[in-house]
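In order of appearance the chains are A, B and C, and numbering begins at 1 in each one.
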Amino acid sequence: MSAAGSLALAASGSLGALASGAVSAAAHPAASAVWLVGEGADWGFVLRNADYLAGGALLTVGLTAASILLGFLVGFPAGAVEVYGGGLPKRLVGGAGVVLRGTPIVVILLVMYFVIGVPQVNLGVASISPAVSAGILGLGLRSAAYQSQIFRATLASVDDGQLEAGRSVGLSRFEAIRYVVVPQALRRSIPGFQNEFTIVLKDTSIVFAIGLAELLTRGADLFTQRTTAVLEVILFISAIYFVLTFATNRALDYLGTRYAIPEGESV
Amino acid sequence: MAGATRPQTVAERAADAEASAGRILLVAAGALFWGWLVVSWVNRWLGGPLVPVGDPLVSPAAVEAALGAVPVLAAVAADAAFVIELTPVLAQGTWLTVVITGVSLVCGFVIAVPLAVARVYGRFSAWLSLGYTELLRGTPLLAQLFVLYYGLNLASYVPGALSGVFARDVVWVAILGFTLNGAAYQAEYIRGAVESVDEGQITAGRAIGLSKVESIYHVVLPQALRYAIPSWTNEFVYLIKYSSLAGFITVPELYYRADQVATDTFRYTAIFLVLGVMYLALVLTASKVMERVDASVAIPGLGADRDR
Amino acid sequence: MSDADAFLRVTDVSKWYGDEQVLEDVSFEMDRGDVTVLIGPSGSGKSTMLRCVNRLAEAQEGSITLDGEEVLSPDTDVDELRREVGMVFQSFNLFAHLTATGNVALGPRRVLGLSEDGARDRAAAQLERVGLGDQLDSYPAELSGGQQQRVGIARALAMEPKLMLFDEPTSALDPELIGEVLEVMRGLVDEGMTMLVVTHEMSFARAVADEIVFLDDGRVVERGPPEQLFERPEKERTGRFLERIASHD
């Protein structure tokens, strides 16, 4: 947030740059024909800093992976509790879910960072800064709340007869859920999971609020340095996000067909 | 709920009583929340007939004194007084949050319906619609807001007719961003619903002499939009929460104002927790209202066999 | 039968789905007030033939004239054509979001441009005509299959069509509900409505048809008045088909 004020000032320069870009396009048609938008020199600036942005993209990917993983580890049991549990655990899980799903991610991140005050985590080889662990915790727990809904729906969608059939061959209730219901439910969860994956990926940009140097934050750093290149920088990082979400979606599509149950229900 | 005729067990009756007590509590909290908001807004618009503009509706000092007198609550008395002091700022920010969400949702819907119809029934326009939704759904909303605000500097280009409606023109940039983004998401939900309408419905429309467009308008959309309500509610809820991102482009909505106070006072815990509760209240209201809407436009047999 | 001014004249109509020919040189004609019944095994092209008449399916070759106008011409206003030709579907296709009245009133209101009240009055009258005067405000899901199909008939009648197409109107119904629909159709025959009907109800066909057209494999195998076709079929294939149907009845 603190960046916002100075960025506002920076923004005023960018449209002038666009206009002058049009002028210079007329003067140097060969140089600027390559870029539909913006000015060649500013695109050059973006490309010179591509390494810096790539580092941010790497952090974005890492943040996404860690948050999804945390979300799965917490969200799957939570979904199971909502379907098979009862009493206090079910109500606690349900209540936590409502709170996490009803609060903007930026507020969750700020609470993690400022209120809970996640400490620096030292792993020996590398240390995770408080901002990173707050980011993972915030995105991960919020994702867990959504993943629990996905798993709750798919677990509930598996026919009751499956559980009965499992019990009838002598499995305990837990075993029947574990070996009969869960494998079917997980496969059905892939479409919902796909959606959740891209949401987390895109929402990593909001850790900007706690100053974590992922892709969007680094982009903002860059265009604060060179205010004429605002549009170029943002379009470039948007393209990276788009490639990441697109690739993720296609990969999960593949996973979906790869593990689809033949003649499966078209849920 | 199908087996409602079965006699209830004692445990179920107890649970029911508890649930209805919870419901009453929830309704009371909702009435308090919205009552406070509406009174605060009206007080501000009318120039402060109840309390001076910018002052809380009840005196923080009085609250602190009252709570301080109760032994158990004495510990939180100071915090409570601080929150009361915040209320005018929060109410002001919430107004903008509500307006931005409402206007963007409606404008996004107006764009989303043709997008969805084009996607299902169009040829060239189907590709155009697909490209639009993929692009908008494939990039972060925050990056889109940055493009509009920092990249294109649109706040300087707000048309005269719109300029001045809000204290700051940047509000329009946020509304534009949420409209364009929300349209893409809404279009996806509506598309799914349009596709689920039986094809025979259009055939029957064509058979009585309606054109294709008329069949879509009079026959398909009235059904599809009803099917879309539950998933559309999700989008409504998302938009309430993501409207907080407008704060990043300096729109003084709820989150922005709370964040500013937090930066000034360093009282993060109280502020962010209250902020979370505020959004939660808005979100819960929206989903309850949409449940009502869904029930009030329900048609026997329509969508009954769809599990959503 | 082949007088020059036939009301509906189908001449050498052919249609393909991709490489597969579904209609091959189909010809027949009917006069105003006639009832013609298309019979034949499933997949014989009867429904497709029916749909070519109001161009819900497009014939690729041949000619169909209705009241002297060429239906297949690219200049034909398809919406206008459908306004004049009523259709009743096998699967009813009632508008699921509208009441019985709403279903019947939609065409008069939006296509014929009647006032809201005028359309409702007309709908009520048509629903009365099919014996559903007491179900005006019911939604499709609240009606039995037979009632739904009668709403479907009323919906088509409300456009005051000069020709009615029936595409297996009773095939989706439970046996005990078929009678009420056939009864309504008989009433229309008595009123002199021109009807082209695809059905498997042979006793109905026999009782009301002026002409039976037997289609197989997209071709007209045989056609003629019901007495002739049912009692003394000329083609062996016709006889075999009728025997098989009879044994199922």
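As a working rule, contacts are C-beta pairs under 8 Å (C-beta built on N, C-alpha and C of every residue); 3 or more make two chains touch, one makes a residue touch a chain.
It should be emphasised that the depicted structure is a prediction, and the values quoted were computed from it without experimental measurement.
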**Q.** Most centrally placed chain, judged by C-alpha centres
**A.** B
Q: Please flag the chain sitting at the greatest distance from chain A, going by CA centroids.
A: C
(Q) As a quick test, compute the distance in whole Å between the mean CA positions of chain A and chain B. (A) 21
Q) Just how far, in Å, is the C-alpha centre of chain C from the one of chain B? A) 50
Q. How many angstrom lie between the CA centroids of chain A and chain C, rounded to a whole number?
A. 56
Q | For the chain B and chain A complex, residues of the former touching the latter | A | 134-135, 137-144, 146-147, 149-153, 155-156, 237, 241-245, 247-250, 255-256, 259, 262-263, 268-269, 272-273, 275-276, 279-280, 283-284, 307
Q) Okay, in this complex, where on chain B does chain C touch? A) 198, 200-201, 203-211, 214, 218-219, 222-223, 226, 299-302, 304
Q | Footprint of chain B on chain C - complex, ascending | A | 54, 56, 79-80, 82-83, 86-87, 89, 91, 93-98, 106-107, 110-111, 139-142, 155-156, 159
**Q.** chain A to chain B touching residues, read off their complex
**A.** 1-2, 4-5, 7-8, 10-12, 14-15, 18, 98-99, 101-108, 110-111, 114-115, 157, 198, 202-206, 208-209, 216, 219-220, 223, 230-231, 234-235, 237-238, 241-242, 245-246
